[in-house]
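Below, each structure is written out as structure tokens.
In the two assemblies presented below, chain A is common to both, partnered first by chain B and then by chain C.
After this line comes the complex of A and B, so read on.
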């Protein structure tokens, strides 16, 4: 029985130990609710060739990771909410230098006014920062996703940092039964990091000037690396299953959508609630299904388009709001539906608002009654 | 008024202006694209703006913008101007300009001509005349102007970076036929009217080619900017810095360079010691190397390390920070500890015979220099042992015999012969001059000065040096009663200290000026006061009282008047008299040379003896001629005169370089960056406690406990290989190989950061080219 935070820290520590025959492990850390317990747990770990560096801010925490990663260490950190926003400058540095840093984001609403509870608006603010983003729906997935994250981050085809997002408190502070791996298994799954562009014996400058044509080429290469995540992820899934006996989720997971007249689309823990609602409504004869988007960057266009095939009504549930636009997930997903399909956005669960089955049923009822899709609808506001 | 009703009015105003200037505009191909090439700092962007504003005044529409590089002053900069009868909507850069303006001729080689069509106007700022370009650029309307020279004359910008834009536009106006009046109005509106005269001069002096040959092809013209298809290495494959293709060194107007300037200590040392040199070797734990440097100029380090007034320490820049480096203590350290070091000698020179008369510091220094150069040296002296004043005139508690002998034994080890008890007379001198190839006369200030006041012949009155010599030779004597010493120099102090040690009940020093004016070493004054000696200041003895023997001194009060030649205030003796009781008077008011030993007819010029207007083989060294009065001065002068004699012996040109006054710049405290150094208090010499001192003649100053005082040397004006330049270079183009730094001038932009950051002024900027 462990929390999401401890699951993340255990996975990070095991991944760190797995690099003991390489350049070791390093983590720059700074506490913030709801991620504090993850970094505290990590600080208590005894990791061979490992350093957990306590610094004075999230910005510096990521700077430590950038430097350590550039030197070839396996690197990890965790933060959330405004901590992530404060860290953001160096978050982009890690990505643009193509350093395989792994970060667990304890998703938290951005203040002020201050709120310590969850929504996805912090990590989604950084959706364009060049990181891979994985959204988890339970503690087991947090543990597994951290290991998977190192694997795809360090893959030579990708070399990208990875954010593993877990909703604050809902996952970070909730204890559930979680299977922990043996170190030997992790060693097998995560061979020592070989960073091709690591700082070695020849001194050189990192992040020097790019002219227009160079930065264009570097962005194109970065984007292409994002495209390589799918194959890297697939191969990692297969290895993971072989070694640990569990199958990490596909980037898009469908649930009872085969003959669905309406699909609920969501990320993170809301999908679990949505699946329950699907079961309930199916019991009442409504042909509804649920689609979970597990990876937001790179965005799984093909898988989602395939999942949407033949479904005339789609309700996209966002635990975030791109102000002046609507939900971020809806914004990306709506163009992938069948021509003529109604794609309606529902924004809910902001700042830790509890998303209950009746909220989702309300969305289904509303979506089924639409003749055309409208602007985003807020559900459960003020409850 | 809304936009709709305003627009036609503006349009109307513009067409009105155009109509007025139709004659001018008829010659200008519209739409027109102008491209300006300059270097950051020359004002290229403003140049394009000025062109746009002039056209705008003629009723045309204009657009202008700069295209900045990523770097600073000197970087190639482009700027663009578009002119048309209609509003301009194209915001792209200009690839095929109709008018090309080049503010720096070096830009011709870096693609400035790219995309220029035949028949276009090319105006170049260059010192070269049009004829220089004969045969090139024939397909263009090619014109040249020396705008830099004109702008410099009008003092536009700085001497290093001349701003040429306003001048250059004058030339442009001429070649395109723009009215000078429009130019003047434009400059006025921008507050640049002071530059207008320069523009007018350029207007008058620009020269353009006559004919265009469209078939000609200039070698430097490249195709218009094509889309780059360069491969860009992914960041994930980058394992080393790529050499930048941009040779930024071409932007430089000044260059940094490493220099060795004169440290204030070296500058101040009368002996000419390389103090920074030997102290830095000590700092590197290399005692023998330090000795090698010190013994290059200094045969008497154990002596000078004890008795030198150390003008080097007074000049030390660190004195203005946290206390001067204890250089005297470090010199003594080498003299006392480098016992394994043996002085080297040139064995190859054809040996000549040189006589040195006088075994004081100047004679020793001259003998040392000549012996090291490989010559046979004989020292003639009237005493039993070498050392002169050092042996006879300085008490053992300041300069122990063994310290003096340690230095002198090195001299004897060079093979110098010592002939004691030789009284130098004029006859003897003539004999030496005939017998030896050269003679150095260094008999010093042998005669003590006796004051001319009553009672000077009374028993109990004695010359201080006589007293010191007797005590030193015969050992401690018993003195009863009160001793008055007249004088304020080191000899006076030595007399007082010796009297104390001989048991005098009371010892007074009578000096006519104040304590600050006393020429003695400051620390020695402190010491003598601790030993119980009293100072009677601003008093001039006028009479020694006593019948049969001394019973007292009559003193006149002295007031200080205007400063004399030495900068000290001249004492003015008043008639206010007082008396002190004393039983002994020691005179220590100085010595003078005995020039009577020179044979008649011998004249001294520049320290060399001349006879019958011709220089002969005899030189005078040290206090005999200079009267500087310190060991260090005598050593320095002895060596310099020995070198003069050497150049005579070895038939070389006079090596007066060392005498020359053209020394390198001396680094002052203003030139140092003290913030680079942590404060560290000077290590003090250990001193014997007062009770033990006055019991006998044991040495008072026991020297430094350890040589790490050398760490405090800032190495002013001398590179200490601290790597500050290398670390601070923003371009990372300074490298070091062992003890040498290299600046890659291909990339150095001359920003001066290295020079600014150098803690010790061992770098400077120099004008380029």
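After this line comes the complex of A and C, so read on.
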């Protein structure tokens, strides 16, 4: 029985140890609710050829990871909410220098007003930062996703940093039965990191000035690397299953959508509630299904389009809000529905607001009554 | 030459880089590379003229591995690199090379953090007393009376005491480097490269473009700043033992010539006599520190 924070830290420590025959493990960390216990746990681990630097800010925490990764070490950090926003300048550096840093984000509302509870607005603000983003729905997935993250980050086809997102408190502080791994298994799954552009003794510069045509080429390469994530992820899934006996989720997971007249689309823990509601409503004769988006970057266009095929009504649930627009997930997913389908956005659960089955039933009722899709609807405000 | 110069670092900063003629930072680089010997170094350069000097991708004006960090992050980025070198038993010396903005201002928090942790880093600040890269705005290193592109007349506030700040961290070694005193400087660069833990070097680096001085007068300006007592040449061991390396003559003529060789003090009309009191107080303090605390 462990929390999401401890699951993340255990996976990071094991991944760190697995690089002992490589250039070791080095992490920069700084506390912030709800990620603190992840960094605390990591600091107390005994990691052979590993070191955790306790810095003075999140901005510096990521800078340590950037330096350590450039020097060829495996690196990890964790933060959330305003910590992630404060860190954001160096978050982009890790991506643009193509360094395979792994970070667990304990999703937290961005203040002010100050609030320590969860929503996805922090990591979604950084959706354009060039990182791969994975959203988890339970502690087992957090543990597994951290190991998967190192694998796809360090793949030479990708070389991209990976954000593993877990909702603060809902996962970070809730203890559930979680299967961990043996070090020997992790050693097998994660071979030593070989960073092709690591700084050693060759006079090489990382991060020099780019003229317009060069930065265009670099962005195009970076975008192409994002496109390589699918095959890297698929292969890692197969290896993971062979070594650990569990199958990490596909980028998009569908639940009872085959004959669905309405699909609920969500990320993270809300999908667990949505699936429960699907079972209940199906028991009452309503043909509904649920679709969980596990990977937000790269965005799973093909898988989501396939999941939407033949479904006339889609309710996209966002635990975030792009103010003046609507939910970020809705914004990206709505274009993938069947022509003529009604795609309605529901914004809910901000700042840790409870998302209960009756809220999701309310969305289903509302979406089934629509003749055309409207602007985003807030559900459960002030409850 | 053999034994004192590694073939790697014959030209740490290669010719053809973008620095202006008479750039104090360029001179500092040439001095520094003479002290490197056979040591492997890695550079971390935050946003500043030295970052621009690296050149555009895929070129690199430096004959050493270099990471161009974000403005505020030189010391923390270097911390990661130095820790990995240590974990792998390598004697690589990680060197931050930052301007005054990246040291006194935006970089101060990460600099303080790395110094407090006593990371195995050499942090070099070339201090041209302005944001040179962006066209000469004031920084907290700009001295009283100096003009800047965002000040109407001249700066009213005194320069921040960065050496005092670094000494207060109790780091193993801190020193100021004079471009006009190469022997003293070479000794300090060598010692700073040799010592373990956090080391800090401050270099007064005239910027002909920003100071509106003649490029040929860069070293002369430093000589005058040293002789007049404006720029103390000192070293500090473990934050406790202060040593005065060069005794100024405090001459009014040197100060006058220092002001006359550059146009940045023109608008404020600051005179040597206006600066005398501050110099006296500075040296009173330095002598107390150098005399009483050992």
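Before moving on, here are some points about what is shown:
Criterion: the second predicted complex is superposed on the first by the 382 of 383 C-alpha atoms of A that agree within 3 Å, B and C clash if a C-alpha of one lies under 4 Å from a C-alpha of the other, contacts with A are read in each partner's own complex, and residues count from 1 in each chain.
Please note the rule applied: a residue touches a chain if its C-beta (ideal position, glycine included) is under 8 Å from a C-beta of that chain, and two chains touch if they have at least 3 such contacts.
Model, not experiment: these values are computed from the prediction.
Placing chain B and chain C on a common chain A by superposition gives a clash between them.
Contacts of A:75 after superposition: chain C is touched, whereas chain B is not reached. Of the two partner chains, chain C is the only one touched by A:90; chain B is not.
In the superposed pair of complexes, A:201 makes contact with chain C only, with no contact to chain B.
Shared-chain residue A:49: touches chain C; no touch with chain B.
Once the two complexes are overlaid on the shared chain, A:188 sits clear of chain B and of chain C alike. In the superposed model, A:28 makes contact with chain C only, not with chain B. Look at A:98: by the touch rule set out above, it reaches chain B but stays clear of chain C. More residues of chain A lie in touch with C than with the remaining chain of the pair chain B and chain C.
Using the contact criterion defined above for the overlaid structures, shared-chain residue A:214 touches chain B and also reaches chain C. By the touch criterion stated above, A:60 is placed in contact with chain C alone, chain B being left untouched. Of 21-29, 39-47 or 93-101, the chain C stretch that intrudes into chain B once chain A is superposed is 21-29 (criterion: clashing C-alpha atoms). With the contact threshold set out at the top, residues 200, 202, 204-205, 208-209, 211, 214, 218 of chain A are in contact with chain B in one structure and with chain C in the other. Across the complex, chain A meets chain C through its residues 23-26, 28, 49-51, 53-57, 59-61, 63-73, 75, 89-90, 93, 199-211, 214, 218. Residues 8, 40, 42, 44, 51-52, 54-60, 62-70, 72-73, 75-88, 109-110, 112-113, 116-117, 119 of chain C touch chain A in their complex.
In the complex of the two chains, the chain A residues touching chain B come out as 96-98, 156, 159, 196-197, 200, 202, 204-205, 208-209, 211, 213-214, 217-218, 221, 225.
On the side of chain B, the complex with chain A involves touching residues 70, 228, 230, 232, 234-241, 732.
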